[in-house]
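The next block holds one structure in the form of structure tokens; read it before the comments.
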Amino acid sequence: MTFLLQSIFNGLLAGCIYALFAMGLTLIYGVLNFVNFAHGELIMWGAYFLYLFMESPLGLPLPIALIPALCLTILLGLSMDRFAFKPLRQANRLTLLITALGLSFFLRNGAQLFWGAELRTYGFEIKRGWKIFNISITTNQIAIILTTLVCIAVVYLLLHRSRIGKSMRAVSDNLELARVAGINTRRTIRFAWIMSSSLACIGGILLALDTNLQPGMGMINLVKAFAAILLGGVGNIWGALLGGIVIGFAENLGVLIISTGYKDAIAFGIMVLLLLLKPPILYGSQD
Amino acid sequence: MKKIFYVLFTLLGVSLILAPVAKAQDTYKIGAAIALSGSIAVYGEGFKKAIDLATEEINGKGGAKGKKIEILYEDNKSTPKDCVTAVRKLITVDKVPVIIGPAASSNFMAAAPVAQESKVVMLSAQGAAPALTKAGEYIFRVFPSDVLQGKGISDLCLQLKYMEVPIMYVNNDWGLGLKNVFVENFKKAGGKVTDEIPYDEKKTDYRTELIRATKGNPKAVVNLTYIVEGSVMFKQAYEMGINTQWICGSAAKAPKLVELAGKAVEGIIGTYPVFSQETKDYQAFRSLWMKKYGDAKIPIFGEYNYDMVHLIARAIDQGGYTSDGIRKALFEVAKGYRGVTGDKTFDQDRGVGSEYGVWTVKDGQIIDYKK
Amino acid sequence: MIETRGLSKSFGGIQAVSNCTFALKDHAITGLIGPNGSGKTTLFNLITGFIPPDRGEIYFKGKRIDGLLPHEVAIGGIVRTFQITRVLPRMTVMENMLIAPPRQTGEKFRSLWFNPKTIRKEERENRKKALELIDLVGLSHLKDQFAQNLSYGQQKLLELARGLMANPSMILLDEPTAGINPIMIRTIMELITKMKEWGMVFFIIEHNMDVIIELCGWIFVLDNGEKIAEGRPKEIQNNPRVIEAYLGI
Amino acid sequence: MDLFLHLWVMIFIYTIFAMSLNLEMGYTGLFNFGHVAFFGIGAYVSALLTLHQVPFEFALVAALLAAGLLGFLLSIPSLRLRGDTFGIATLGFGEIIRMVFQNEVWLTKGPMGLPGIPKPVLFSYRFATLPQYLLLTLGFSVLTFLVLRIIIRSPLGRAFKAVREDEVAAVALGKNIFHFRIKSFVIGSVLAGLAGTLWGHYTTFISPGDFTLLETILVLLIVVLGGKGTELGPLVGAVVLIFFQESLRFLRLPAEWSRYLAPLQQMIFGSLLIFLMIYRPEGLLREKGAGR
């Protein structure tokens, strides 16, 4: 029983991280209508930026190092848009997707060039988790759940209460119409990148706090985030959250039954199954 | 269209010109197709240090057969495909008669047929798969095969009276091969393997696998892990409050593991091919290392690579700088040769034997395990 | 030729087409008019199978065609054009034309290897016909250009010619003169008239009343998804309900 | 010289691989990011069969059939997916196939890989040495090229392009786009299987690590660089890319640099993709009829 509870808790935890990634991804998808393959690299660079400021020679404490790390990640996100995606606003999806794939490859290897392929940690002392109902919970894990909740609240407030959020949703619905209606689409797109990068940075740092830093850390988890998005409905923030948690559960409970070698296949399996059950999208390719 | 073909041909030409102009042979060149980038580059860097150390030492003493030796490194990018290309390049362009082969068994086995086909000697200092040298008579290993280690782990479990254990292993050639030998031996000796849990390399989260492995609170868990995966796993096990005796293989016996995982690896034990660190040779090796690199952090398998280069140099010295000469001389020079890693006499499968010891982590130091 | 009975379609509560019953008589050119958002294009989409109806039946030459997939409808003889042209941008004008004939032997993988003669013969014939049609619409000098390099008006012409190339029983034109200059409108009208003389049957959505009045022998008027009137052009022009719908009183 | 023969063998294998992706992506507009799966299936099926003493001819046919069948199965969900979603689904599919290679140890020997794959014997002629193998791969490249050329220049190829350009317009003209999508996908898969088979018998050793996303990216880059939707593009792309990749080996850079060179090279690949997409999306060769 403990065993099941622990799995469920771990599923929730993984789900929270997937959800943060998925939300960032879906924001961009909503506004610009393409899948940003390079989001995983934003996640990874976010985590590495924090490492940069926490290690010598700077050696800043975490709360302070967080600020420049966040700024740099946002800068990276914005320059990604400026140099890779902006020249391609009018291009078709295939072009955008290949660009994003190339960008992801570029940034992943960039990190490897800088920091090497080996694993790194923030160098905190490891602690035993607390036992609650016989399941072990660490401080970091509580931080992950709390941060996710805060992020969701902030995203919700920004999207539904602020003006920029409203224009973002308008752009999401229809870019051309929004432009005609006098919404500053450029500003909106920039804002979407800022939000997406911040979520990536926070998610990446949480992931690295809970585990380790490695140049491939973004890609692996991003693929799960994709599955979460498809599960929850493309372009839908809440769907992304729910999808992330479902995938987290499914993975953690699934390996109890099937071989752990197929752990990563679970997310895809769910995705494919779901796509098969969904009503066919017949002629939507031109929207 | 035309322009493009023009560009292509220029490119072809340039690459041809870039092909090395045959220089006067003032050194004996030895190829080394090791992982300098890619997934196992962490190991490759260490190997290179050890190889360089040995080369320097040999050349300092006048080299082999009157000439200095030179190592030509070729990056195998940790993938079988590039191993083949790297070895092929060393053979056809640099025309080396002897190659230090790729590290991981799967990579080595991809490249071995190429060397065998071209009749070039290839050696491995860390491939552990039993079938490693099957490609032919030109393929050697100076590292003991898994058959021995798998039995060693099984014996250790029995000795410590862990009759029912689950086994976790990193899902690659090394992990799977070792697991198979272990399971076979363990079952034969009356033990029971309760669960088999393969896991992927390079993951950041292994909690799911850990939960499954510790289902039913086993007293001990066999975990055939690498450094990186091990550090993540043991940390997470520690955080989750898992109390069990971890039993590892040789690949985890590294200062780096302790550095990464800290007190989480306290008390884990494992087997490793043992050689005495008290011998004069080993002390000399260690002091050389300290002199060159400024620390005593000898990387995993570093000693084997060091010994291998010495063996090659001796073989060149005796058999001459041809692949057949080296191949024949290797048997003779290795017979009774005691490098830093003990007896290197080749058996009929061109492999070496070894004894197995048990290591453990105590107070952040890797030491020999004593009951 | 086309007949609908009680055809209805709604999108999320908005009734786009409601209980539409009409029958196209034997006029060569029939018009379909109505204010913006009155459901004209939806009706086209329903007939051609792009959207399945909620209720109602559609018949073509006496055969029921609702529930068929759009390509089946097209093969059955109804070819349509689009309000915003849909030429195949990165294919040449010639290729755009050659794509149109339905059920080409060369579209089957197996016949590529076992029936190359038939394919060559078909290709030759199609090419000849395509050239004639391209010539007719005055695009022969552009036949090896990508369709994306054509002006909007030229694209409209190409779409029209391509529709003809498909050898249909009937062509549905969705605003053939929208967004192009008056001279081009003239050209298109002349083309339609010419094709009519060759025996082609058209069903046209159009906003330009002059075009409709001049071309059509029969007109349907749609408002809020309902048919509010039908008749000869003269009758429609004087129908009070139509005037009301158009003026929005 | 052997190295050059080796490189040309690689080039021809990759040309076949790229041509197959070009059919799907360049001509039919299908986003396939799991193409390496079919390459892998071809390699594994043929390797396993020949290792069990099945003659190469049969093993080759079986490998192609297996790849085609798998392509057919995967293309069915494509009926329900929009372009980029389908791309991600194929990416996932590629990974799942790799996991099958990795985990079904009883069949594939898992991560141990399959050593000792015999050299191909076609009609009792054994392709063992490098020049012979080069001939074999060259022959198959030419064959593939010709087959694809016939397809592409036929009404079938035209229909593929129509599907790529505008599905709605194609449907309105009576084209069953699903039909064409499936056809293109199956043909592409079969040819990728061919490339994989040739590769497996060439290296004589395959393991799951050979069939990762990296390979897909490489072949994608070849197609994009050469010019998607052109007949010779894949060959041009393969020549340029493989020579570029391997010419680094001849620069004799210090071994210490390798650590930086490999990521640097892949960074160049990545940025090359971006630059091509922004400044020359049509690649080195252009599709005919571009005009401006």
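Here are some notes:
Each chain carries a letter (A, B, C and D) given by its place in the written order, and its residues are counted from 1.
Everything below uses one rule, namely that contacts are C-beta pairs under 8 Å (C-beta built on N, C-alpha and C of every residue); 3 or more make two chains touch, one makes a residue touch a chain.
None of these values were measured; they are calculated from a predicted model.
Of all chains in the assembly, those touching chain B and also chain D are A. Distance from chain D peaks, on a Cα-centroid basis, for C. At the centre of the protein atoms shown, by the Cα-centroid criterion, sits D.
Remark: chain A and chain C have CA centroids separated by 46 Å (rounded to whole angstrom). Remark: chain B and chain C have CA centroids separated by 71 Å (rounded to whole angstrom). Per-chain CA centroids place chain C at a distance of 41 Å from chain D.
With centres taken as mean Cα positions, chain B sits 37 Å from chain A.
In chain C, the residues that touch at least two other chains are 50, 70. Residue numbers of chain B whose C-beta contacts span two or more other chains: 37-38, 41, 171, 198.
Within chain D, the positions touching two or more other chains are listed as 102-103, 166, 168, 171, 259, 262-263.
Contacting chain pairs (ordered by label): A-B, A-D, B-D, C-D. Residues 1, 4, 8, 11-12, 14-16, 18-20, 36-38, 41, 45, 48, 73-75, 77, 79-81, 84-86, 88-89, 91-93, 105-106, 109-110, 112-113, 129, 131, 134-135, 171-173, 175-177, 198 of chain B are the ones touching chain D in the complex. Contact residues on chain C toward chain D in their complex (touch as defined above): 48, 50, 69-72, 74-75, 79-82, 86-92, 95, 98-100, 102-109, 112, 119, 122-123, 144-146, 149, 162, 166. Within the complex formed with chain A, the residues of chain B that make contact are 37-39, 41-42, 171, 197-200, 202-205, 207-209, 211-212, 215, 228, 231-232, 235-236, 238-241, 260-264. Residues of chain D that touch chain A in their complex: 25, 29, 31, 33, 77, 79-85, 87-89, 91-93, 95-96, 99, 102-103, 166-168, 171, 217, 220-221, 224, 259-260, 262-264, 266-267, 269-274, 277-278, 281. On the chain D side of its complex with chain C, the touching residues are 150-151, 154-156, 158-159, 161-162, 164-166, 168-177, 180, 183, 187, 229, 287-292.
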